[in-house]
Each structure stands twice: as structure tokens, then as C-alpha cells.
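Scrolling down, you'll hit the structures one after another.
In the two complexes that follow, chain A is the common piece, with chain B as its partner first and chain C second.
Let's look at the complex of A and B:
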């Protein structure tokens, strides 16, 4: 087990290093951030001063070297735009994204699993067919369109929910959370639903397919023949066996919700990391882009690790050898 | 609650959907389209930052809605010698923390401008002409310059004054945290959440016209559709950067009102003047796609033909939905050094074809027009329309639209033959002349945004005269001559000047600004008028 964890750790460091190098070279290839950040009427002297102030006058390998040296001390550089440490900026906005992703993912499981189970157990009922048709919509409607429609219907037409932004927050352990106020929850409903829609459909489809397959297995037939109650058959024998693909996909989806909820965050003006990264890419704010992607890589590695560990709990046949 | 009774009576008729007008008169929620990056007024020169700075801090010389200079923290100013400007300061002004405003604060501010660490776009250029400051008395300060410098008042409209005592060691981070965002302006910062919102409250001790609202919430909503929807849902009272596609609908909505004014931002085409007449321009070929062997854009007849081929009226009415005015120069009518006898070039495709034939291109040539697609209002669509108009006179045009970060870097390296770009002018002809139409020169600091590398020694000569002329009427005449000369030579192809548009719930009134700044002090309850 510890050998396995150690090996995963070494892999993680390698991936993070490679990522930082790729982003460094990539941003350099796109262009000069100063050309974007500087006031258009700045003269050549001011342009040179800015290039120097941001450390962009050095050759690229030197810039990367300085970055690595500082990164080892836990300093991922200062944002060109905000003049604040990139890590601080990201961490300030992480709670907003995290709570949105958590709400969306749990929502997806709470809604998707029962519906999928129902559709798998009663594949020919009218209800199941409606669920499956609905899940196709969930897959195929683009997020930005659904988001705008939600705003138009629930905020503009009906006036039930606030249209954009994050509501009232409660500060716990130095970070702001909106889980604990009514106003905060009201602001969260639409963006969370918008993010969850795709995931709900995914969970429904995975669960249904799993149930349909498992129901035909010998051990299910045997359990039935033994005279176990349908409830026990479904929730002990079937349910446990269909969870592995659901856990894998939900885990990865959770990761990508945190990392790439850009569209939803912009439409609902949700002050999370997604908005930060897209704004940073637009102005080539390299320290923020690099720090952000490094954090995301770490996060995905962690999530994958947790998913693997969950497997071994769900299915004793899985052994963590890392081969 | 000064307005509540009258407001309620009027609003009861006109703004049924919005209900409680009494409470609304105390609070204002603004939604802006561009994020504010810093509350440090000297860290990053950016319009959204300047707008918010104008609510917290003040300048020696302020500008009114039409961008004319008006007294701010200075009550009067004049050149007392060829190289000395004297400013008389307003007495009795206090910072939000109670400190009095004096000449020491002005001197401190000028010294701070070049010394803001890590600034990506500093205000240092405004301090550079000043070689020495002389505090005559606590309310009089003199700036000594190395050479006569007529633009000093204009520069001072960009410099927000800080307190020498409070801000001696203030860092940008402390400004951003709100703790150091202390000025003399009409609003005080209560809280700032970067990229999300800034909460303000009225500065009760403000020396000027009291702001109409007790509290202002300044929210950043970058998505155009969401910003409009939030206004429609009543979550916002006021928005800027109204998308042109929503204009017709918003105009028709009884619950809303719009405010608009012709701005100072010209959209224009830059042309390749860098390659000599006998060289190939990077994106121009003959009709078979082979190198042309010469740069047709060096011929003024070709440039004029390309300008005449553009139906500016069609672009402003169809693509811009009326939110722009065709123009043949950088400054709109009514501004200092606007050239009255340079109109927007008339649409004349036949004349354009004749001119092309005269210049030796009866069958035209091929050109690529480059444009950003996420920077100016409808930028890529305008480029597409121009591509079609040019093709109609025989100049077969392909359009390539890219994201701004890539486009602007390549444009700066003069890699394009023709490019669409915009310029927000200061209301002074020297500003576009010096930055866009003057010969590129690092020593003089000219032509930093001259991405077509236009160069005309006569224009340069006039500009250098204007930059040391202290007599305003004479300076205006020189600038008019220089601009007329550059535009008759088709240095660039001007297209249109954008209209700045704001939308608000009925019951509010707004003074629209030509400089595009969105500031809470410009919004008032309509009944108060």
C-alpha cells in the first residue's frame, strides 16, 4: 500500500512539472502579456519599464528557472494583473467553486441514482421511457443556453430566484460559504442545477445500464431463488456491483466541474476559479494560469487516487498494486 | 428619504414592476461588463479601474461628461511661465479618514506614480515631464517642466490624489483589501471582493454635490446576456455596455430607460505603410495568389479607394444597430481640435474602382483583413462586411478574426497588411496623432500604437510644434492642420465612433459620459431633477 502511494506521488510530481513547462512555453508562444495589459497610449519607455517590472525581459529558460526556484519555496509567483500571489487569488475563489461543484455532484447522485435504478428495473414502463428521453436532453443541450433559459424563466419571468451572483455568505475558518444562508442557497440553485444537468443524465444512463446487465447475472438469479426479498436483492446484490463505474465517472466529473465550470460561472457571474482562469487566459496572466493548472493537476491526481481506493472498498477483488 | 414621496408618486405610475421606490432611492446596484482589477489608483491604467477610482479619489482637474476640464481638487490652474504650471488647491477638503488635503499630498502623489511595484501599466508618464515641484503655500503648488508642456492639465485629469500621511507606505494589496482605499471622493469603500463586487457608502462629508444614494453595490457581470437579464429581473438597477443586439428590445421596454452619447472611441483600419512601394506586403497577392512584387498600400489612391469602397452608413445602421456614427477622423464634433472640414468619406464604389484602375490595379488584388473577435463591439462582423465591400470593387478580401491576445501581439509587430482596431482618444488631437499617426520613435515616445508604421515628416513637424505651444487657440489650429494632413493622406481608414450606452430601470436618470466610465455619482433618481 505505501509503495503504491509513493509511486503515485512521484508520478504526480512529474506530471506537475511537465504541466508547468508546457504552460510556460505555451503562454510565451501566444504573445507578450504587456501588449495586452498596458494602456494603449503608453510610450515605448513605459512599455520597457512594464516588461522589466514583470520579469519578462529575461530569456524564457531563466524565467522558468526563477519560477521553479520560487515554487520549491511554495511561491507560485504574483499575478501580473492583480499584483497578489497567484496562489492566494486562487485559494480565495476556490470555496465558491468547490461548493458549487459539491452541490452539483451530490445533486446529480441524489437525482440520478434513483431515476437510473427505476429505469433499469422497469425498463418498459412509461416513466422509464420519459426518464431516458429526458436524459438525452440533459446530454445534448448546451450549458450556456440552459443557463440563460433558467435565468429568463426563474429570475426574469417568474421572479422566484435571484438572477446572478453569489448571495450572503457565512465565514467559517476564514473562507466564505453560502451553504448556510437562505439567500446563499437561493443564489446557488440555478448555477448548481445548470452544472448538474449533464451529470444527472450521465448517472441515470450508467446506473440503468449497470442494473440491466447485473439483473441477468447468475448470482442475482440465485439470490432470488434463495427467496431473498426484492428490496434486498436490489439494494445489496445489484446496487453494490453497479457502483464502480458510477463512482469512477462521478469522481472525474467532480474534478472537471471544479476545474472547468467556466461557462456556468460566467453566465451566473459566480465569483469562482473558472471566471478567474478565463479572465487570466484572456490577458495572458501567466503566473495565475500556471498556478491554476498545477493545482488542477494535483487535484485530478488526488481524485483518481481516491477513486482507486474506493474501488478496493467496493470490490475486494481489486488490489492496489499499481501495476 | 428626501426623494421618497415624490419618487413614490411618480414611480407608482411609471415603474409598477419595480415597486418600493422609497427604499430604492437609497440603494443602487450597478452591473458593469469589465472587471476592475485594482483599487490602487496608480497600479493599472484601465478604464474600469479609473471609473471606480473616480468614485473614491479625486484629481486636481476633473472632466465633465463631455470630457472638458473642470475644477476638481484644484480650483484654478495656469502657466505662470513657459515651463511653470501653478495650481491653486481647494480649501477645506478632507480625506475619508479626516486628514486635510494640502499641497504635500499632491507632491506625494506625483512622487508615487513611478514607484508602484510590479505595475503592468503605470501612470509614471504623467510624472515624467515634471522635473521639480515647488510648494508655495499649503494650497498652492507649482510644477516645473524641462520644456514648455501644454498637456500638463490634461495629464492631471488622470492622476488621482492620495494622502501623504495615510499612504506613505501603502501597498497595492492594501488598496485592494479596501483598508487603504481612502480618498476625498464622493464614496467610501466598504468592502471589495476582487472580480465580484465592490460595496460603497456615501461620503457624508463630501465637499461637492452629495451623491444621491446611501449605498452602492458595484457588481462585475462580464456576460452580456446575463447582465441584461439581471436588469430585466430587477436584481440590478443600472448596467453599462448594453449589447447592440438587445438595443431594440430594451428601447421598447416600458420599465427601462437608456442613456447614450457619442463616445471618443474610433474603430478604424490600419494599413501596412512599413513595406516600401517595391516590396511585398505580407498578406497581399495578385489575383492568382502569387506575390505582387509591390505594396499597393503605399499609393494614396489605393488607400483612398479602399476607404471609399466602405459603406459606413450600412455598418452603423445594420451591424451596430445605430449605436455608432460614421467618422473620417478620431475626434467627434464639439471636441477640442476636431477637424470640421474632414467628413466621413462618402460611399462611392464606382469612384473607388476608377481610382484603383488609375493606380494600376484595374483588376484589383487579393488582401487579407485581420481583426480581433472579442475586443470591440461587433468587431469580427464589421470586418466581414468590409471584406464583402472591398471584394465588390475587385479587391478580393479574406477576413481572419482572432482572439485579442494573439491579434494585438501580431499587429504590434506589423505582421498584417490591413487590420481592424479601435482607439479611445483623450479629447485632444495630439493624443491620436502622437500615438497612432506619428513616426515611430522610442526617443520621442511617439507612435507606440502606430501598428501600420505610417510616417509623414510634415505631420511629425506640426505635432512637435503643437506639443510645446502653450497658447490654446494656436495649438488647436496646429493640431487641426496636422490631423487634416494625415487624414487627407489616408494614414488610417476611419470607420465609426462608437456610442456609449447604459440602461437603467425607469425612475433613474444618468449623465452619459463620452469617456465610457461608469460611476455611481452620475446616476440620480429621476424625480430629483
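Let's look at the complex of A and C:
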């Protein structure tokens, strides 16, 4: 177990290093922030002083070295725009994004599992065909378009739901959460649904495929041969088996949900990391971009590890003792 | 005289596939009495498993019992509702499957899978159900059953898993067990042990059993009666000793010829020439015609199962009658 964790840790360090290099070079290639940051009527002297202050006069490899050295001490640089540590900026906005991504993920499971189960158990019914057709739409409609449609219908036409911001929040453990107020929840419904759409379709399809495959297994027939009720066969024998792929995939997808929330947050003016990164890209605020990407990488690595550990809990065959 | 435990009469179970109708079971009849073992023998694909599933009421679409009756203690199972059938399944009639590696749910502990079986048919406490499960494991020779109850299937060998499956089948002391090639996937020594144990259990409890196999040597030592299946039909049926000594049907004759132990030493193993026919579009008349050494022109007429000698049935126009009668 501990050997396994240690190996995973070493792998993680390698991935982070490689990513940091790619990110750094990539962001460097996007454009020169000086043009945007320094007012056009600044004279040559001022320009040079600013460039020096930001460390942009050094060659790339040197800039990278400095970045790496500071990063090891937990300093991912200061925002050019806000003149605040990039990490602080991101951390301030992370709860909003996490909250949205969690709501989307649990929403997707809550909606997707029952629909997928139904579609798998009654594959030829009209309802199942409608569900499957709907899931294709969920896969293929672009997020931004669906977001705009949601706003058009539920905010503009019907006026049922608010379309921007987090609404009222409460502070728990030093961070603000929308989840615990009615107003906050109302603000969360549309963006969470928007973000969940792709995932709902994914869960539906995974569940349906899992049910159809599992129903054919000998152990399901044997469970029926024991005289168990159809309810127990479905919700214990079949369900526990399909939970494995569903949990694995939605877990792994959590990282992409956070990454994808960029689009949703922009549309619904949700003040999370996604909105911050879009704003930062617009003004080429390099330290924030780099810090954001590094945090996303770390998140992916952590999520993968957690999913692996959960997987071993759900599936007794891969318990980690042997590893 | 009380009704036999099971009486299958002219059972037909067909699969309605896109390619056509598969007559997997086509006119199968046999009887099993209390405490008796019927050996159901035939090549792979001859319809043995589908016969077993038909008795259990577990034939799934596109398959369906199209005609015939399955009388269990005089009651026709085909006329029961799904709910009534469910109360018999695992309770009065139990089945053991062929592949022990596939029959236990991989993500549920053994105790879960046994306790749920007890509680499906009897309102008993968890503790009592667990005690029953433990006793059943002990009965089939699983050491330290208390500990083993907490294991998952993958922690058992194939032989042990089949013992667990047998223990599950025995939980409610059923009146009938359908054992579908339960030892085929196991090695020979374990096969022998399990055979001996099951035989003892049945004799002690009066349980009737259908032992499905493609191995004649297993049937010889175990069964009272034998039914030989070919292409979905019973082609020979009778007392196991008589059938194996003097088979009536040319197919049974061929099968016995291909059992190694019955051959003279050094003589090459005799095989039945030809292939098992596809159950889709079976030819008119006797399905064994193309492979039969005794076939004559009238074999294009469909033969019926007929009692050629007292309690000796064969589905053939030209059975090995003289040898059998002489014996």
C-alpha cells in the first residue's frame, strides 16, 4: 500500500515538472504582456523599468528557473494586474468553482443513474428511446449555446431563475458558499445544469451499457435462480457492479468539469476560477495563467489518486493489499 | 402412489432470433422421482442447459417455452405466475450452474449472497440466516466456514466456489436440484469429491436431481436413469445400466464407443463422424441421419420416442433392438 502510494507520488512530481515546463513555454509563446500592461504613452525609461520589475528582461530559461525556485516555496508569482499573489487570487475563487462542479457532478449522477437504469432495463420502450436520443443531444449541443438558451427561457422569458452571480452566500470555514441559502441555490441551478449536461449524458450511457452487460452475466441469472426479488437483483446485484465504472468515470471527469466550467462561469458571470482565467488570458496576466494551470494539473493528479482508491473500495478484486 | 417430483412432457423451448427459430429444446420428456438422479447427457449445444432453465422458469427473450408441460409434484410450472415461480426457485427447486467462476457475484461477500437466499424464502433474523449459511458451508466440506463467510468469491478456488454454489442450492433443502455440468470446469480429483458428497446429500434428504453432463462416465456411477439428448430432442431414455450396456439408439452407441475406458487398450478412440447439425433449419426426419451408420431411406420420416422394450425408449426407426433384447 505505502509502496504503491510512494510510486504514485514520484509519478506525480514528474508530471507536475513536465507540465510546468510546457505551461511556461506555452504561455510565453502566446504574446507579450508588456504591450497590454504598460500604457502606450509611457516613455522608454518607464517601459524598461517596468519590464525589469516584472522580470521580463531575462531569457526564458532564467525566468523558468526563478519561477521554479519560487514555486517550491509555494510562491507562484504575483499577478501583473492585481499586484497580489496569483495563488491567493485563485484560492479566493476556487470555492465558487468547486461548489459549482460538485453540484454538477452530483446532479449528473442523481439524474443520470435512474434514467440510465431505466433505459438499460427496458431497452425497447419508448421512454428509453427518448432518453437515449436526449443523451445524444446532451453530448453534442455546445455548452455555451445551451447556457444562452437556459438564460433566454428561464431568466428572460419566464423570469423564474436569476441568470448572473452567486446570489446570497454564507461564510463557513472562512469561505463563502451559495449552497446553503435559497437565493444561492436558485442562482446555482442553471449554471450547474449547464455544466452537468454533458455529464448527465455520459452517466446515462455508462449506466445503460453497464446494466445491459451485467444483466447477461451468469451471476445475475444465478441470483434469480435463488428466488431473489427482481428489486433485489437489480438494486443489489446489478447496481453494485455498474457503480464501479460510473464512479470511476464521473470521478475522473471531475477534473474536466472544473476545467470546462470556464465556459459556464463566463456565461452566468459565476465568480469562480474559470472567470478569473478568462479575464487573465485577455490581459495576458502570465503568473495567474501559469498558476491556474498548475493548480488544475495538481487537481487532476489528486482526483486520479482518489478515484483509484475509491475503485479499490468498490471492487474487492482490486484491493490494494497485493500491490 | 404419489406424483413424481418432476415430470417433463413434450417440452419445446424455442429461441426466436433474427436468423430464424432455434429449436433448442424440441420434444423433451422425462421423469424424476424422489431421491433419484437423472443423468441428462448430450454433446455441447444439444439443449441441456436450456432444458434446465425451462424447468427453473429462467428462459429469457428471445426464448420461450412454446409447448409441453413441466409437472413439479403434480403442479404445472408453466401455468404459475412469475411471483409464484419465484417462491419455488431456490427454495423447492434449485440450480447449480456450469461455470463456478461466473456464478457468484464478484462484488458481494459470500455471507451476503447466502443470507439473502435464506431470507428470500423465510422470515428469519440475520443471525439465524448466518448460522444456516455457515452450516451449509460446513456440509459441503468448506473448512472454517465462519471465516470463509466474510470472503469475496475471488478469494476462493474454482472448486471451492462450486462448493459454495452447491451450499447455496442446499440452503432450503430443495425437492429438486438441477445441476448443470457442475464439475466440468473442475479438475478430476475435486470432481470426484464433489460427486460423492452430492450423492450422499441427495440420498440422505430424498432430494431428486437432474445431473447434466456430457461425460458418460460420470453418469454411470451416479445416475439411476439417463436421458440422451441430440439436437434438442431426447433420443434415448431408460435405466442407466441398461442404456450403457446395450444402447438402443445409434447415437448413444456412438457416444459409448467414444468413451476411452470402454475401449480396448491400444485401439484408437472411436469418434462419431460428422458434425452436430445447426439447430436453425434442421432437416426433416431424423436429425442424426447424416452421421448415422444405420440410416435407411425411411429415416427422412421424423422418428418419435418409442418404448421398444419395457421402460426403454428410443427415437429411431432402426434401433439396436436385438442386442438389447438378448441381454
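Going forward, the second predicted complex is superposed on the first by the 318 of 323 C-alpha atoms of A that agree within 3 Å, B and C clash if a C-alpha of one lies under 4 Å from a C-alpha of the other, contacts with A are read in each partner's own complex, and residues count from 1 in each chain.
Here, a contact is a pair of C-beta atoms (placed from the backbone, for glycine too) under 8 Å apart; a residue touches a chain by one contact, two chains touch by 3 or more.
None of these values were measured; they are calculated from a predicted model.
Engineer: Identify whether chain B and chain C fit side by side or clash on chain A in the overlaid structures.
Structural biologist: In the superposition, chain B and chain C stay clear of each other.
Engineer: Examine A:38 and indicate which partner it touches, taking first as chain B and second as chain C; both and neither are also allowed.
Structural biologist: It touches chain B, and chain C stays clear.
Engineer: Is A:159 in contact with chain B, with chain C, with both, or with neither (first, second, both, neither)?
Structural biologist: It touches chain B, and chain C stays clear.
Engineer: Go through the superposed model and pick first if A:7 touches only chain B, second if only chain C, both, or neither.
Structural biologist: Neither: A:7 stays clear of chain B and chain C.
Engineer: Quick check on the superposed pair: does A:129 touch chain B, chain C, both, or neither? Answer first, second, both or neither.
Structural biologist: In the superposition, A:129 contacts neither chain B nor chain C.
Engineer: Could you work out the angle between chain B and chain C as seen from chain A, using CA centres and rounding to the nearest 10 degrees?
Structural biologist: Between the chain B and chain C centres, as viewed from chain A, the angle is 160 degrees.
Engineer: Across all Cα pairs of chain B and chain C, what is the smallest distance in the superposition, given in whole Å?
Structural biologist: Checking C-alpha atoms only, chain B sits 48 Å from chain C at its nearest point.
Engineer: I'd like to check the shared interface: which positions of chain A are touched by both chain B and chain C across the two complexes?
Structural biologist: Common interface on chain A, chain B vs chain C: nothing in common.
Engineer: Quick one: which bits of chain C touch chain A in the complex? Just the residue numbers, please.
Structural biologist: Answer in residue numbers: 56, 58, 86-91, 94-95, 97, 99, 102-109, 116-117, 120-121, 152, 154, 165, 168.
Engineer: Please name which positions on chain B make contact with chain A in the complex.
Structural biologist: Against chain A, chain B makes touches at 35, 37-38, 40, 43-46, 117-122, 124-125, 128, 172-173, 176, 193-197, 219-223, 225-227, 229-230, 232-235, 374, 403-406, 408-410, 412, 423-424, 426, 431, 435, 442, 445-446, 448-449.
Engineer: Chain B touches which residues of chain A in the complex?
Structural biologist: Listed in rising order, the residues are 30-47, 49-50, 53-54, 78, 80-84, 89, 92-93, 148, 151-152, 155-156, 159, 162-166, 266-269, 271, 275-276, 279, 281-284.
Engineer: Chain C touches which residues of chain A in the complex?
Structural biologist: 217-219, 221-229, 232, 236-237, 240-241, 244, 314-317
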